[in-house]
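Take a look at the following structure, please.
For reference, chains read A, B, C, D and E in written order, and residue numbers begin at 1 within each chain.
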């Protein structure tokens, strides 16, 4: 059989911005109580508005997480309909009073992505059987048809609500292009098989962990971002450890830094800022 | 056939400087309104002058982009006729009042470059057939002739106007010189074939994305810089992802950090500075 | 014999946070004596409470170490029952007055882990012999049974008290996933053999050094953290050097930065802060 | 023929320090005009003295360059007779008033070096033919003789004046010691051949670019520093690009960061500090 | 012959701390003269005490070096009997007034080490010939005997005085554990041969350069630190360059950053602080 085109079809949804901040505790505690209350009150209501998102169209929510360790104190994640809207929320935050106490330490820009490896292989093979030339108008139309139908079926996963889980784990990743190990030169049928095995592990954890994959080629320094949401952070470890032994990860994956956060609903911001338990 | 010389001919055009800045929002918001207005007014008129560029000779424009995430808030790109003129615009910016609020986070120095792989191989082969010795005066003259004619034909691409597209994607890249994978030891005919396939992908996206390649060997830390301009940022992802599977990229390319920006025309600077939508 | 499942069973215990800080000596010395005494007094009693930990349930202690060199002046380690409790101790510290003088330089988030390579291989083989399908309910129940019994037997190692040793050595590590050397594609029986040899070295040092391994896949940037506790720091060097020649380390281990500290009991904090000997 | 000793003879000349600084523009512009004039006047006369160098003995000059981009605003290069004299000029600068506005971002310490690959191979072979044992007194004397004669002949290149060219390109480099590609295990005759081919390219550019190689093994983080001086910066790109295809560079070279500067004669310092053109 | 145990015997001596600082020149020069004199006077007498070290027991000295370039202005090295004493000198420095002007940029923690490759191979072979089992009490006793005798003979090298040489070169290094090149899996007899060849080069430089090797496995980020002391810094370059061609370095060594310093005796601290020559 002739070689199929190598590029898998993908669907894109919400634009996604992660922001990590260190909080300037010393300056915060140096403020008079009344000033802190004013700032807090503005921050809570701003964050509440973002967390609720929109009632029409895509949810387009934001959420806050208390981070562990020196990588940052506070992580915000924003789902929006465009990069321009992400820019707007970033600028709006820069106008809040609490932003005086937020020192950016990291960020990540991506777009929610669903990879259609299985459909790609099927569709490419079907079009090839019909003798349709890749990149011909007919071929393009055939792909568009598949993608449109998939996008409609998967809309809630493309423009997701933010899971209410207590813990978030975020990390970026690449597929390796090494001297001998190169994901991008492996045949698409091989990659499809590996992604299927990879996905099978994820499905065994589906009850305990919700996963949102976003693509960042052209947007940020890694190829994908992964957000995992769970009520028990141990499942992050168990899931990722188990996956590390599957071929797609063991052989081909490169991982960036890992960020872990505890969900910080707006109504707990006050306790967080005064060092009280957020439980 | 004897081995052809390995170095492809290139044409060089505008000198190009990218500047990335973090904006000191806290200090900015701490200023009295009237002071902010004065600074803004100077900045807008300075930027407007740069964006208009020159009416004679090369366009030599500058443009501003709002960045996403912690890598910076504001990106400026400057096209000029020389590095000295780039130095001048950098020094002029350092004299504006708004520069007090701009903290440099990154930059990139390069020169617009057109690689003439196809002409190189043809010309080298033709000169070799005539028995002309590489680096002889006659050989040099033969090359100069080809380059002069190409430069005249391609002048608008060598000294380009800045596309008015809404989004910019910038990243630097290298060709690998690994232990087994080495672009620089591959025969020029092989490299020419790979660059042609690479270019074919780009041409399929030509309607949606405008690309400016600049060379930075000897000027900055990577070998090339790539600027992509588009009204829909998803095409950045789709184009670069598709290219990642072609041989020139999959096997030989190494990529640096990616910078994404939303065009910020001078007249929207005021809204940007006050957190309003720039749409 | 059929290939056994590749993922070893692990047990998880205390959530563990390392915090490294540089101390702002200049600002500290700039304070009037009485102010320093007040801050110190709060810090000592806060730290004393944490060091004592809990009298019921798991010990959940914290401890302080004076660091050597520029990586930090003070290291705190916290064992707790959850990430949320780690977040709370971090936030509580941020409310103490002494935290004004603590500049975070590094941190590490992990969970105490016991790897059950030997049990895993035995159990997987036994279940396979009985014809029980991996990931079937019966298989899962078989594993759960082994893990529950192990967890009960090993509870004191899963939720450990902090050894009172004078010196601490902390470092993170990975198992390599290189082009030819890949821990994650080695058969579990091979890995079990290597871990056994690795463990045999550790046992020869058991009298002089206490080791706590924590897993950080999904939590921080390396796969494991290692804490070694000893009264003579030379044993750190001798143990790690000897291990560097065993196959599991020589061939498969990648190491991060090393952090060394001298135990700083709360009652010596005063001398530490005034530059006196803590002996 | 027996293997020749692997270490090529080298001649060493001036001690060389590169200093890169970011200029604190905001603080500078915040000064009253008269204060700026006083500081400038001291700086100009200090720099003039250094630029003139010495009238007896080696030139021992310094020169300033305006940098492009965020890596720094101002680069100083100092040629001296010893590291101690380099330390002195560094300390003297730290006593000038303008140093209050100079924030060090980078530096490089090296010694002007001429590699005598051709003489080495010839001399080693001649001594071997005479049956003289390597490292014997007679052998050492034979080498000393060659080196003394070469040093006398090449004195102006060992203790060079700083070319007055408009542009400077500086970068550090290593020869690779990889798993299969290892410069240091290649026979000296092979290395000599490669260096000769490498040098042949340089000679074709000799009219347009002046090159000073300095060795930094034992002094700084790379093995060599390269300074290129030219009136047209495009020749930096063309020369380095062409060299990248020769075997010594394509296969064996690793490059650090690149620094580009526009010569800033003391008399233009005033215009530079006020943002005017330095042309 | 059966394989010998892979771990070479080592002797350990003084605990060693390197501290690198940038000096806050601007703030220093901003002080009134009388204040500077007071601070200087305290610093000189503090440093003099440390430089003299102890008259009984080990020398336990400290010394200061003026650094070149941006990596730091001042380097302190401290030899002590334990890490706790290193911690004490670090804390004592933090209490001096001059420490207000010292910004830590780097440091290194290690222990003076003598590797006994030759004795190890001989002793392992002798014990093996006698049929003594590795790690048996008898075997341990045999090794202890060798080490005790060596330690007594080499005491002055284990607890050295600081050479009074004018220049210091410090760098950390590792032995590689690559995919094919792995020091830690090479037989000890091979490593012994390579170390012997390596040592032979050093001995040819013994008159001009004094070398102190310290081990840092478990203490800092590299496996060893190397301090070279010489009156002519060119011998650093010549020695290290020559060694780079021997097998132990060419194939197996990885090097960290290099730090170069000019000895700064306490009595010259005043001139250093006022920018005068320290010659």
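By our rule, contacts are C-beta pairs under 8 Å (C-beta built on N, C-alpha and C of every residue); 3 or more make two chains touch, one makes a residue touch a chain.
Predicted, not measured: the structure shown is a model, and the values here were computed from it.
Can you list every chain in contact with both chain C and chain E?
Neighbours common to chain C and chain E are absent.
Enter the angle, 0 to 180° in steps of 5, of the rotation superposing CA atoms of chain A on those of chain C.
Between chain A and chain C, the superposition angle is 70 degrees.
How big is the gap, in whole Å, between where the Cα atoms of chain B centre and where those of chain D centre?
Centre separation, chain B to chain D: 29 Å.
What's the distance between the Cα centroids of chain C and chain D, rounded to whole Å?
The computed centroid separation for chain C versus chain D comes out at 47 Å.
Can you pull out the residues of chain B that are in contact with at least two other chains?
Residues 179-180 of chain B each touch two or more of the other chains.
Please classify the inter-chain touch graph. Allowed labels: line, ring, star, complete, other.
Looks like a ring, each chain touching just two neighbours.
Which order do the chains take around the ring when read from chain A towards chain C?
Start: chain A; next: chain C; complete ring order: A, C, E, D, B.
For the complex, give me every residue of chain C touching chain E.
22-23, 25-26, 29, 66, 68-71, 73, 166-167, 169, 171, 178-181, 204, 228, 233-234, 236-237, 239-242, 244-245, 247, 249-251, 253, 257-258, 260, 262, 272, 274-279
For the complex, which residues does chain C have touching chain A?
6-7, 10, 12, 17, 19-20, 82-84, 86-88, 90-92, 94-95, 99-100, 104-109, 111, 135, 177, 179-180, 182, 184-185, 215-221
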